[in-house]
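Read from first to last, the chains carry the letters A, B, C and D; within each, the first residue is number 1.
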Amino acid sequence: MIRAAVVGATGYTGLELVRILSTHKDVELTAITSRSNPATLFSEIFPSFKGIVSLKTEEFDATAISTKADLVFVALPHGSAMDVVASLLTEGLKVIDLSADFRFSSLSTYEQWYGGHSCPELLKETVYGLPELNRERIANARLVANPGCYPTSVILPLMPLIKEDRIVNESVVVNSASGASGAGRSAIVSNIYCEVNDSFKAYKVGEHRHTPEIEELLSLAAGEELLISFTPHLIPMNRGICSTITAKLKNNLSTKDLLKILEDFYHKETFVRIYPEGSYPDTANVRGSNYCDIGLKVDERTGRVVIVSVIDNLVKGAAGQAVQNMNIMFGIDEGEGLNHVPFSI
Amino acid sequence: MIRAAVVGATGYTGLELVRILSTHKDVELTAITSRSNPATLFSEIFPSFKGIVSLKTEEFDATAISTKADLVFVALPHGSAMDVVASLLTEGLKVIDLSADFRFSSLSTYEQWYGGHSCPELLKETVYGLPELNRERIANARLVANPGCYPTSVILPLMPLIKEDRIVNESVVVNSASGASGAGRSAIVSNIYCEVNDSFKAYKVGEHRHTPEIEELLSLAAGEELLISFTPHLIPMNRGICSTITAKLKNNLSTKDLLKILEDFYHKETFVRIYPEGSYPDTANVRGSNYCDIGLKVDERTGRVVIVSVIDNLVKGAAGQAVQNMNIMFGIDEGEGLNHVPFSI
Amino acid sequence: MIRAAVVGATGYTGLELVRILSTHKDVELTAITSRSNPATLFSEIFPSFKGIVSLKTEEFDATAISTKADLVFVALPHGSAMDVVASLLTEGLKVIDLSADFRFSSLSTYEQWYGGHSCPELLKETVYGLPELNRERIANARLVANPGCYPTSVILPLMPLIKEDRIVNESVVVNSASGASGAGRSAIVSNIYCEVNDSFKAYKVGEHRHTPEIEELLSLAAGEELLISFTPHLIPMNRGICSTITAKLKNNLSTKDLLKILEDFYHKETFVRIYPEGSYPDTANVRGSNYCDIGLKVDERTGRVVIVSVIDNLVKGAAGQAVQNMNIMFGIDEGEGLNHVPFSI
Amino acid sequence: MIRAAVVGATGYTGLELVRILSTHKDVELTAITSRSNPATLFSEIFPSFKGIVSLKTEEFDATAISTKADLVFVALPHGSAMDVVASLLTEGLKVIDLSADFRFSSLSTYEQWYGGHSCPELLKETVYGLPELNRERIANARLVANPGCYPTSVILPLMPLIKEDRIVNESVVVNSASGASGAGRSAIVSNIYCEVNDSFKAYKVGEHRHTPEIEELLSLAAGEELLISFTPHLIPMNRGICSTITAKLKNNLSTKDLLKILEDFYHKETFVRIYPEGSYPDTANVRGSNYCDIGLKVDERTGRVVIVSVIDNLVKGAAGQAVQNMNIMFGIDEGEGLNHVPFSI
């Protein structure tokens, strides 16, 4: 039995971690923390958990947690996470951090896009927790940086094509759209129901912080610096990310050729599903599940490929991927606790 | 008083035409037709019009309409519209056609993307009804082809930049997203509430019929053939289109430079609003109104501009633009009947 | 020209007042105030008003407003409104207050449900601003208390039946449901998009403050104290209230009989529409308009009538009704500026 | 291993049955039928099931099914179900029918509300499949009639209070609201996204077919005929039913008293959760799960209790309850395969 704790359990990512962990047969959830709702029954804050989770939230205390847990999921905002993570590692715990604080191998990139870092020495040992790329390193990590939601949806489909040198690296244009849970459980006017409903908009045009994360990973694969145009949008729905990626092809390749590359790359993966020619995924096809679904089409008129990939931002984009990483770190079946059938309706 | 008729009044475009025309002070709506709901009070089909519109639907009869109307709005699907339009012109009526049937000057383009045409001789005289570009020709037209919804949202922001030769023509990538009213009032499974709600998806990837319409207009402006990558998406909301356009810049231009070009181009236009630097429009900002709102940013890292433009697909993307065209054709104030304040909440 | 000011212009009710007043041909909007966004262009806070409203918000100052306005709409929360209203009256202005502060003729009822009152002496002269019941008194009022949204939807359909003594007074059960704009533009967690979307719930069961307001008006009509069971619910949509009212009938009356009573009572009213037998209104049928639509059915099995009434909570339930009151107070056409066709799609 | 088949697998109820059964560890799903999508991979019709369900739909053939299955879930519309059920019983199969065809012990009630019945002789032996009331009889049934969605949400909270004679039987007023999946996966105009979104309405006022089903069960408990006023509404969301029940109390009972009765009645039940005083359930609290959550309040002013109960119409209101019945019929743990944590966001 893995004894797990969730730090920041009352945000949407924390909530989703609790949802998934509460039915994971090899996990005992032993501690949850919350600053906004301290010392309260989780099932009182979220009555949906009545009869399911009987824990109370507690204040964060690394030493106290170390007596109860083997692994800690840290679901705090970037900036707040780094010190918490460091203190947990000091206590000898394994940590999966869901913030951006440890996602970059380059300190200067972090500083440029996010600000100062209090424990840069940890960046070196941290493993970027995308199981489909880093499975072996994750297995041996004590600190895993869980990928961002947008990056997961972009890196998975692009990685094989870049590694095989099929696309013109400087031509990548990414348009993504996310459900409103991506903005977190923050009481701010722009998050109010009436401001999001019946509305669709681009935001942080040319300056979203997931841009360098995507670029670092793709550059590694490309063997050269690769910059992308990334424009995120907000969709009036709770969950789901759809990334539409357009790129020039290096050669005369067909839709079938590119699908074959993806299928070959991912044929052993449980959570990546490649769609047949003529078919494209819908965010509803993966809702509530850990899948990343991918479809694509070569447009011969323009010499570009258009790739459509979807994930549930809270699952494969956050909590589900974190649990997948945990499974790998503890040597159990990678899909354990993640067999949710997508909730398509 | 302009005596106007609407052919196909019970689809969403027809319904919106009736909504707008019913409060237009220079218009008397004299006839409405419907195949699906014949010989029925409009206010029985749509109780929202109780006490507002007292007309009954009738079957289409060009001669009967010619005794009651000076102008006819044809809101039928492409393919069905062409013969209706021809018969109305024969009766000496002015026509604004909201289908795709007369949007192309090139017959072969129409045939390639849509199929056969029964009255290609009319294509030559038809005026493409984008007032901001063709105002003078619209004023004298007897047949106006009202633009498609996606094309309106793409052509308006791009036209000035292409005319001024600021962007690399072959680099244009367009990602658009539309509310569900764009799919029409058709009883098909993919239109059912539960299939659209909580869902976001790309559709007709690389093959949407608005692609050649956009390309024809932009090529004209560019003075050379210009092909685009166009990927439409479906948003879980009723109304609104957001087009996010990415293109390489020819020179070292700033956000301010490009905004200045758009402002200069549109400063006399009532229905095009350019946003200041750092601000991007939301579909909610134009809902229920005839505005096209545009914001943009130059991303110096990649040398690209990202333009965001929004319209209400049923208003500036269809019925509102049609009424704007009517106003021009009849020499009245272009904004008459179109002073709806956007319904942002 | 009526010179009008809106105090509290950046909440949803204030925003809707500005939307309606900005196209009212007999009104000049001369001042708007906001505590949350002071000294800012209204069109910067709400870009949908770009090119439509050029005012800046100012801080509230009764004397300053008195130099610019003849009438003030006060759109503040209850408790905050009373002093503002008193100061405006002192300056000789006419006031329409959209809070609950002046809706009760009984001070003790106000105190019991809302708390203390700083100017109870004004309660006597205040007119309850439901035009269909109090038109003459509104015409001569200097202070009009604009009705609550739920009360408007409940009083209009019940009043005629109670006045005619058709229903058993103690049998009235009201279930209402409101869109999320009813909760205001407050940044609190329960208003966040993800907390409201895909969710339906009752709230303030047995203790909603609109209960005594409904009861006071209905009791007046009944000539005896009348208590109701009132349960409000929250709907995942922006606008609209639907009230479903169930009551025992005193006599053996048919659906037709009751519809006739309502039709006779309201046949001269522009903004109350009675539906024919077998047809019931939908909130979408009145969205964005000042209508109250009503349908009903007698259930002979149980001896009860079920009445369904709908309004747009921001229009007939707030800003539209306030403008209707203004029109009456200034002797202009009651429907002026309120000819919005319902925005059913 | 229970070998199970689903007849009518491509409607929303069938789809939900497949979703639940596909992760039930004691069930092998061996056959699925569809008239609208015959001989097609289920995962092609619903790509969310890619990699999860590998079955193809087949045409209905009772004999063929009998070679593969022990139990059949029939998820067809009423009228279509009865003959299918009869033929499956003839083949010796156990059947859980999710239509209304076998829910009534009284043939005349069925005929009055639904029409003719082809196998009325089966009505006698059929067990009404509400486990919390009929567990023992379900265990031994060969034909279980799965309750309607609205009835489940109304009978569960009312039954204990009626059995204990706490409420005035003729005073029960029920207002329910359902998500759009309740209308089925039918391509009709009233189901189109734009017709449901941003809209709330009552429907089938005084004539919904679930009325007699509720009345039959409650009358049995009351020991006398009990008629209710039942008004259903449509909510713009996919899943969930909220029933708000108002009734006069026989005695001076407090909220605590009534909660105690419900808690005592249901304290051994896994899927009924009673909320503490002052707290009411939200449909989101049970989404995707088999729970029925109940809260209530005594309104001393009117002598009435207001009860709020919520279920997921597709789970406890259909497929989940059917699986619960199956578990009972096959003697396995009643909650097996039903441990879905509610999907509250």
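As a convention for this text, contacts are C-beta pairs under 8 Å (C-beta built on N, C-alpha and C of every residue); 3 or more make two chains touch, one makes a residue touch a chain.
Small disclaimer: the values here were computed from a predicted structure and weren't measured.
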item	value
Duplicate of the B-C contact set - from A-D, A-B or B-D, the pair where over half of the pairs recur	A-D
Comparison of C-D and A-C (more C-beta pairs in contact)	C-D
Chain centre separation in whole Å, for chain D relative to chain A (CA means)	36
Between chain D and chain C, distance of the C-alpha-averaged centres to the nearest whole Å	38
Gap in Å, rounded to a whole number, between the CA centres of chain C and chain A	45
Where chain B touches two or more other chains at once, by residue number	12, 179, 181, 194-195, 197-198, 236-239, 281-282, 284, 287, 345
Residues on chain D engaged by chain B in the complex (per definition of touch)	12, 179-181, 185-189, 191-198, 236-238
In the complex, chain A residues that touch chain B	170, 173, 175, 177, 179, 194-195, 197-203, 205-206, 227-229, 231, 233, 235-240, 242, 244, 246, 280-284, 287, 295, 297-299, 301-302, 304, 306, 308, 310, 345
Residues of chain B defined as touching chain C within the complex	12, 15-16, 19, 22-23, 46-52, 181, 198, 238-239, 270, 273, 275, 279, 281-282, 284-289, 293, 314, 339-345
